[in-house]
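There are two complexes below, and they share subunit A, which is joined by subunit B in the first and by subunit C in the second.
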Partner chain A sequence: MTAADFLAILRGLPLTIALTMGAFTAGALLGIPLLAARQSRLLPLRFVSMVLIQIVRGIPPILWLFIIFFGLGMSYVPISPFNAALIGLSLIAAANMAEIYRGALASIHFGQWEASRSLDLGRWSTLVDIAAPQVFRVALPSAASYLIGLMKETAVASTIGVAELAFQGNQLSQSTFRGLEVFAIVGLFYVLLSLPVAWLSRAADAYLQAKVAR
Partner chain B sequence: MTAVQNAGPLIRLAALSKHYGTHLVLDQIDLEVVKGEVLAIIGPSGSGKSTLLRCINYLEVPDGGLITVGPTTIDATRAASRSELSGLRRRVGMVFQSFNLFPHMTVLRNVSLAQERVLGRTRRDADERSMQLLKRVGLADKAGQYPVRCSGGQQQRIAIARSLALDPEVMLFDEPTSALDPELGLEVLAVMRELAESGMTMIVVTHEMGFAENVSDTVMIMADGKIVEKGPSAQVMRNPQQERTKRFLRAVHDR
Partner chain C sequence: MIPTYDELVSWLPELLSGLSISLQVTALSLALGIPCGLVLALGVLAKGKGTRILALFLVEVGRGAPALVLLQFIYFGLPGTGLTLGSFSAAVIALAWNTGAYTSEIIRASLQSIAHGQREAAVSIGLNRFDELRYVLLPQGLRVALPALLGFSILIFQGTSLCFTIALPELVSRAYEIGSTTFRYFPALLAAGVLYACISIPASLLVSHVEKRAGSHAQR
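Right, the complex of A and B next:
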């Protein structure tokens, strides 16, 4: 492995990070209205959002990228490989984050709702002041481990030509015929990316645990 | 308009009833509590005493009957509006068996939040009032802590302060000491006694016979969703008239 080979792989890093952070941010945000729809008092809204979440989660990510890039992109609206991957992964992240939030919401003790009602806090304050902070706190470890999963998932974007880590590794292995070394380095990059996420999540969790553990 | 002085009871329940499926939990309960009265509700588990208490601020929705607190009357046979519920809940404070403090907020924030959101007080005014109340329950030094750092007895006293912060006209206590060991229960009872002496109208569901006998003005025994006996506390506790009351009190004293 020469330094030039190493740099070739390194060139994929920004796109991997951009895809991961872009999809995770979009998913973490879009997951909130999706959860709201899932918990809605209106049955049709509840049903549609449930079906949507199941479909998005039920189809393999690679297939979603093919549907968006080859299906929509090639025949209806021109779309770049990166945007197709970002949209697909964001959708998947939104469905998964909505489910993570839902689990966290269910963990809130019913006494919290009763206390809010007896204080006449109202729906908005109960949501913003009472539920949301506790939901995010409970969802944090699951969200962090999902973020690591999503980061690895971005490798599927290489199949539609996004020049991220796996794509660069594949290119390099084909030009150098040294697949083992190349993919070992690529793997190392993924591991190195996941370490700060895991570390940050643990630190945040420990901090919150010390303050507000129940 | 001239304000009409309400000479009647502060709280009036008329023919209040509640079913869980086919099980009758509250059977046509009629009850009046005057301003400043401290009413203890005692009785065996499953007699409906907690449900009755929780109906008064509509945490449980009764099937029928009328609930009047001050100028607000709710007819349980039809759906209550948001403003009716607000009218009720702003007059009624509630303290729970399991405290139900908000774990992600400091003690001070727990007491101040509803003052800002419900009464529209500024943060500064709310915090000032909260500190007064925390001092009153003996916990001013805990203001900056999170609830998890407080003992059960302290958490319950904070919950009382949180409820008092909205200036309720009546306070409901749902077995406030049942989750506490005897010593911690005592510090909560001391706060409740002080509250009673200050003239607060209180309805207390409890298994603390000492409180029922010595602090409350009136004691009411419930069994099977009905009021068995109600009267001045000394009379009911020392000279009960109903066989069911005698049996319950004997079981308590023989322990």
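Right, the complex of A and C next:
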């Protein structure tokens, strides 16, 4: 394993990070309207969003990327591998984040809703000022562990030719025939990437817990 | 965009045999992986430092590295050491490792959730460590762990799709193959997606049902 080999793997790092952050940001934002639809008072809207979430989560990520890249890209609208991976992973992240938000929303004590009604707060300000800050705090640890999971999921983008970590590892192992070391190092990179996320989430959680602790 | 009836009829045998390979890999990796998870959980909880470090290492690598990288590590990497595996056994070993690492955390958490008095009671009536585990801890712990283990099984079923990268003829590979010979990628992949959804959606509904029942048991 030479330094040049090491650098070759390292070249995949920016794309892994870009895919992870892009898909997570899109998922965290798209998850909000999806949650709103999931909690809506209109039965059809609730049903449609539930079916949508189930379908997105029920099909493996690799197949979503194939459907978007080969299925749509090759026959209908041309799409680059990176964009296909970003769209597919954002879709999956949105469904999973909506479920995380929903779990956090369910954990809010019903006294909070009663209190905001008795204070005559409107539906909007109840949601934005009372529920949202608490949902954010409760959802943070699960969102962080989902972020780590999503980062590992981006490895499937290598199958449609996005030159991220796993892809570079694959290329290098084919040219050097030393898959053992190469894939061990690729695996190590993913573990190293997850450490700062885990650390940040623990620090943020401790800070937010301390803020509400009496 | 949607596969025609004739296409479906001609593709279905191929797709279903791919699905059966996916299901076989799932069943075998769960059957190997969950006992490994139990052993790893006990290893992480063990008193000996060497055992604990080894178990922690296996768990952290199995959870920390993407399943795709584990698969390629075993399929493309191990031949370098003189151990060549077929794609089926490589898939089972990699996913069993992944299963073992994740389920060990589930099992460890559920073992630790058992009230401490149960262990003390087991010691005081003179059960040895094996009997304590078998008659006292596992029956209670596994009941707590069951919903999470079932949920994880669905993820492993979906994870078998990664075996596409090591040339295992499972469901995604079959659909991709059909797509590349007929250039009808979208309908073929869509059909595979429907097959996946047909298994994982009912399964996840079942898991949430089990979760609710397990919860109501605990509340009583």
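One rule holds in what follows: the second predicted complex is superposed on the first by the 212 of 214 C-alpha atoms of A that agree within 3 Å, B and C clash if a C-alpha of one lies under 4 Å from a C-alpha of the other, contacts with A are read in each partner's own complex, and residues count from 1 in each chain.
Note that in this section a residue touches a chain if its C-beta (ideal position, glycine included) is under 8 Å from a C-beta of that chain, and two chains touch if they have at least 3 such contacts.
Since we're looking at a predicted model, the values are computed, not measured.
Trainee: Looking at A:Thr2 after the superposition, I want to know if it touches subunit B, subunit C, both of them or none. Which is it: first, second, both, neither?
Mentor: Neither partner.
Trainee: In the superposed arrangement, does A:Ile130 touch subunit B (first), subunit C (second), both or neither?
Mentor: first
Trainee: Which partner, subunit B or subunit C, is in contact with more residues of subunit A?
Mentor: Between subunit B and subunit C, C touches the greater number of residues in subunit A.
Trainee: Looking at A:Gly111 after the superposition, I want to know if it touches subunit B, subunit C, both of them or none. Which is it: first, second, both, neither?
Mentor: Once the two structures are laid over each other on A, A:Gly111 reaches subunit B alone.
Trainee: Applying the touch criterion given at the start, work out whether A:Leu121 contacts subunit B, subunit C, both or neither, answering first, second, both or neither.
Mentor: A:Leu121: touches subunit B, not subunit C.
Trainee: So, does A:Val186 touch the first partner subunit B, the second partner subunit C, both, or neither?
Mentor: A:Val186 contacts subunit C only, not subunit B.
Trainee: Which of the residues in subunit A end up touching subunit B in this complex?
Mentor: 109, 111-112, 114-115, 117-122, 125, 129-130, 133-134, 137, 211-214
Trainee: For the complex, which residues does subunit B have touching subunit A?
Mentor: Those residues of subunit B that touch subunit A are 57, 59, 85-86, 89-90, 92-94, 96, 98-104, 113-114, 117-118, 146-148, 162-163, 166.
Trainee: Can you list the subunit C residues touching subunit A in their complex?
Mentor: 1, 60-61, 64-70, 72-73, 76-81, 158-159, 161-162, 164-165, 172, 175-176, 179, 183, 185-186, 189-190, 192-193, 196-197, 200-201, 204
Trainee: Looking at the complex, which residues from subunit A come into contact with subunit C?
Mentor: On the subunit A side, the touching residues are 54-55, 57-64, 66-67, 70-72, 74-76, 152-153, 155-156, 158-159, 166, 169-170, 173, 177-184, 186-188, 190-191, 194.
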